[in-house]
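One structure follows; several queries about it will come next.
We call the chains A, B, C and D, going by the order they appear; numbering starts again at 1 in every chain.
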Amino acid sequence: MKVAFIGLGRMGQAMVHRLLDAGHQVVVYNRSVDKLKDVLDRGAIHAPSIRNAAAQSEGLVLSMLADDKALNAVADGPEGLIANLPANGVHVAMGTHAVGTIRALAARHAQAGQSLVAAPVLGRPEAVTAGKLGIIVAGPAVAAEKARPALESIGRRLFAAGEEPGAALAVKLANNMLLACAIEAMGEAFSLVEKSGAPGALFREILVDGMFASPAYNAYSTIIADKSYDKVGFTAALALKDVSLALAAAETAAVPLPSVSVCRDRLLSAIAHGGAEKDWAIMAHEQAIASGLKG
Amino acid sequence: MKVAFIGLGRMGQAMVHRLLDAGHQVVVYNRSVDKLKDVLDRGAIHAPSIRNAAAQSEGLVLSMLADDKALNAVADGPEGLIANLPANGVHVAMGTHAVGTIRALAARHAQAGQSLVAAPVLGRPEAVTAGKLGIIVAGPAVAAEKARPALESIGRRLFAAGEEPGAALAVKLANNMLLACAIEAMGEAFSLVEKSGAPGALFREILVDGMFASPAYNAYSTIIADKSYDKVGFTAALALKDVSLALAAAETAAVPLPSVSVCRDRLLSAIAHGGAEKDWAIMAHEQAIASGLKG
Amino acid sequence: MKVAFIGLGRMGQAMVHRLLDAGHQVVVYNRSVDKLKDVLDRGAIHAPSIRNAAAQSEGLVLSMLADDKALNAVADGPEGLIANLPANGVHVAMGTHAVGTIRALAARHAQAGQSLVAAPVLGRPEAVTAGKLGIIVAGPAVAAEKARPALESIGRRLFAAGEEPGAALAVKLANNMLLACAIEAMGEAFSLVEKSGAPGALFREILVDGMFASPAYNAYSTIIADKSYDKVGFTAALALKDVSLALAAAETAAVPLPSVSVCRDRLLSAIAHGGAEKDWAIMAHEQAIASGLKG
Amino acid sequence: MKVAFIGLGRMGQAMVHRLLDAGHQVVVYNRSVDKLKDVLDRGAIHAPSIRNAAAQSEGLVLSMLADDKALNAVADGPEGLIANLPANGVHVAMGTHAVGTIRALAARHAQAGQSLVAAPVLGRPEAVTAGKLGIIVAGPAVAAEKARPALESIGRRLFAAGEEPGAALAVKLANNMLLACAIEAMGEAFSLVEKSGAPGALFREILVDGMFASPAYNAYSTIIADKSYDKVGFTAALALKDVSLALAAAETAAVPLPSVSVCRDRLLSAIAHGGAEKDWAIMAHEQAIASGLKG
């Protein structure tokens, strides 16, 4: 099939490669053209504008954008997706966006006779390339069905979250906040262990040996035990963005999230101390400071 | 070898069976005699008093007691372990106790020329029976070495936490508090997901499929998704005891634990609402109430 | 002097009456005309549009708007203040707005050769009418000086917060969040007192007799002791707006605010339970529920 | 009347002076005799033992002790108050103790045919001397009546909290925790204000000018604005003791106290950073550090 793709950052590029691998024709648009080189070399078709991408797309456009501002910039205005997608066109938004932003955008697409499908993902570029990506999908059934072949080419498994696109984001944000809470709790536990006289490395061994043996606890307990916050998988600044999106979603839904607020405060302290671009496990370092273990 | 065992609750009984399975001679004492029947039938030797248990023990006594009060009652007084263990005798305390209680008891044993080894465990009676128990061991090296054969018969793996018994408890409590934090965070995440319109069961699937695939998240996300708080693995009341011990250890060590305080408050609300004897995953139900999802 | 005033809600009306009382000429604009009747009867001059208000204003326009969206709607576009205020014109924003919104608006005014003065207030309409209003003022010195006579007519006391308008909002939001924290803490204290068997009314007496004898503690301890949450001074929904603005300001400034997050969660629970339009002291009722004291 | 007084620390001495001022005969006992000099010079009668103090007391003994351990040491054992007070004797405990300790002690006194009246106080030695002390009184009516003349001589006002002594402590601890929460919230607010570019001194002025004009906010906003944590009114270490007693009382009553847990964590950080003997307003300094304002 033929599909347009907007937003060729690291995630977007990895996704387009997967689509090309699967034999799809992919029309690509990115604000800065230099990110397109690799995928054009592999046969992707260049669209010089969003309007052109929409025109070439056969009514299916995927976007992978860094934030809400970029998403709205792509969707709105006379050159944007809403003005240029055909009736019954489908926009599949794969970035991590605010629940409220997605709901508002879905309404604008619907008014134009189009559909928005939210398809936020679980995993980083390496997971895309390795074919391990999980994708949470929510949107009108017909539209989600139209998007399915492309999404199946990109990911390992689709999780159907119903027909309301905002719900997919809530699920995605809930997943990320759970990871934030796990890192925060590990930070607290390591502080208690170390300040009580036991080695952190021992505690790490216990964690991954038993109840917590999982990719998340394995990866982050290792970073914390090793204090290797300079090898950055995901920055504290991006983590704060995700945590804030979760808190905003919770405000909309009237759900108190006390543990997530603890994570937010921890990230703010880490950022106040210059850690914005460190790996977000720097939260554990911040907890160590608050416990008098450092500095 | 010959070893005495004090405290034949469910955990203690399972442990004594393991010791007998391994061919050790086990002298048993319990305040209420009716709990001894099974192990006496299997060949354990009855001690009518702690004094007698100590006398028969060849200097190695294991205790598995419900709380600090029971532990001190066993240790102190003219009929207690300290007065009746021989010089160089070793008391291995396997219960979950306060760090401060263990440190104070270690000092009293040391004053009597004896040693305390702390050996708190990771797992419930079923894990003991299945030979899957992890044991954290801390105490003077010679004493820990003397206890090793018995502990190896009981558990699957020993984790050496150094020579200071309190440290083993800090590690044990840190592990339990991490589990409390994971349950709390899951409760918050499920509330957000469900109140945002996505099914909890879907969220559960995502959790156990990816980053969080582990015994802890698998077990508790299932209970939360199913709301099966009446199948009790560990009560809210006992969880509060453990969480309070972690907070007390943190107070001693001057370590702030904000996420753990969130768990404490959640458990107190659950207990205030009559949930003391429910499974501690009732925390998630309490979060759902606070989110307006129930009652 | 002659001044324009935009936004004739309850606060705005009370302020315009104060300006008229002081002998100023006041040009008034409001989106819905029916709110203007009283002030027009007293001699205010009707402006049919923002453009007209700006034209008649002699370069000084005060606004008292409900939220950021209303403020930006008044400022932007071809009919807005920025396009229609003369060079060196001064816009005095008196509403409670986001620090970031005020900073961005100040930059847009500056680009047009105009100045924004932020002048958020401490008090409700009754305080305005009684001449008791405190006003926090921040903006370029010349502009603040130009606004001074009008602001002195409206309020009892001006607090100078420097030349950066955002700072005035930070001070205002800090004041409001402090009140939220006081109410939350009182709620917690009353729950502990009542559930421990002492009467809440006694506790109230102690508070206002001693260390806490102040308008804030007097008013809110009375509401809490009487459970009179239906007499609404300030709704839970508006309180959530203010608390969220404080948290947003803190995110911008990288300041963790754990107590304020507790307030946010409490308000969300109150709203989840249907209390959005109750007095925000309903926080104490929500705490009572979480303590098992109610329903 | 004649009354015995046990515990002549700074508070106890000030109280005994008040009793002597009022013309009562006061029998005094203190573990270390050197603290007795002043009051003996003024005519107090020396008791060489608790037993002797009880014997001379005409059945009314007041105690003002630093902690629960000291209280129990005075009450228990063959030389203690319970063994030596006559039937119908009254022990008035004026220190700040755990609710649970007071309830347990009340039961032991009752078993001996005696009564415990709890009479914790609101104020420091200077307040005692100035005749400004508030006293919360709870205990059996007849016993409280017997204690009344002595308590009225010591304090300015008695607050009757019923017949259950533990309730008086709950009220006292609730009052102290409210103060802790106010200091914490001020610390958060000052951080937000200062990091947003407004001067802390301005914020202080606003606080004491308006809603928060009270001894508590006046005193602590001054310390925080001046950063004068070395002038110690009440240490962080003692504050942690009180906050922990409040949390323990809340655990007994099953009351979640999230704001108080924030205070606890803040105090622990301050102590971890060497601030145990600073004034407890050091909490605000700790918040400033967590916000990146210091160090």
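As a convention for this text, a contact is a pair of C-beta atoms (placed from the backbone, for glycine too) under 8 Å apart; a residue touches a chain by one contact, two chains touch by 3 or more.
Quick caveat, the model's predicted, so the values are computed rather than measured.
**Q** Can you check which chain pair, A-B or A-C, has more C-beta pairs in contact?
**A** Here the pair linked by more C-beta pairs in contact is A-B.
**Q** Tell me, please, which chain's centre (mean of its C-alpha atoms) is farthest from the centre of chain C?
**A** Max centre-to-centre separation from chain C belongs to B.
**Q** Any idea how many Å lie between the Cα centroids of chain A and chain C?
**A** It comes to 36 Å between the two C-alpha centres.
**Q** Using mean CA coordinates as chain centres, what's the chain A-chain D distance in Å?
**A** 52
**Q** With chain centres defined as C-alpha means, what is the inter-centre distance between chain A and chain B in Å?
**A** For chain A versus chain B, the centre distance works out to 38 Å.
**Q** At least two other chains touched by the same residue of chain C: list those residues.
**A** Each of 250, 254-258, 262, 265, 268-269, 272, 290-292 in chain C touches at least two other chains.
**Q** So in the complex, the part of chain D that touches chain B is made up of which residues?
**A** Touching chain B from chain D are residues 240, 244, 250-251, 254-258, 261-262, 264-266, 268-269, 271-272.
**Q** Please give the residue numbers of chain B that touch chain C in the complex, ascending.
**A** Counting only chain B, the residues touching chain C are 258, 265, 268-269, 272-274, 290-292, 295.
**Q** State the interface residues of chain B toward chain A in the complex, per the touch definition above.
**A** Touch residues, chain B against chain A: 99, 122-123, 134, 136, 138, 157, 159-162, 164, 166-168, 170-171, 173-175, 177-179, 181-182, 184-186, 188-193, 195-199, 202-203, 205-207, 209-217, 246, 249-250, 252-260, 262, 265, 287, 290-292.
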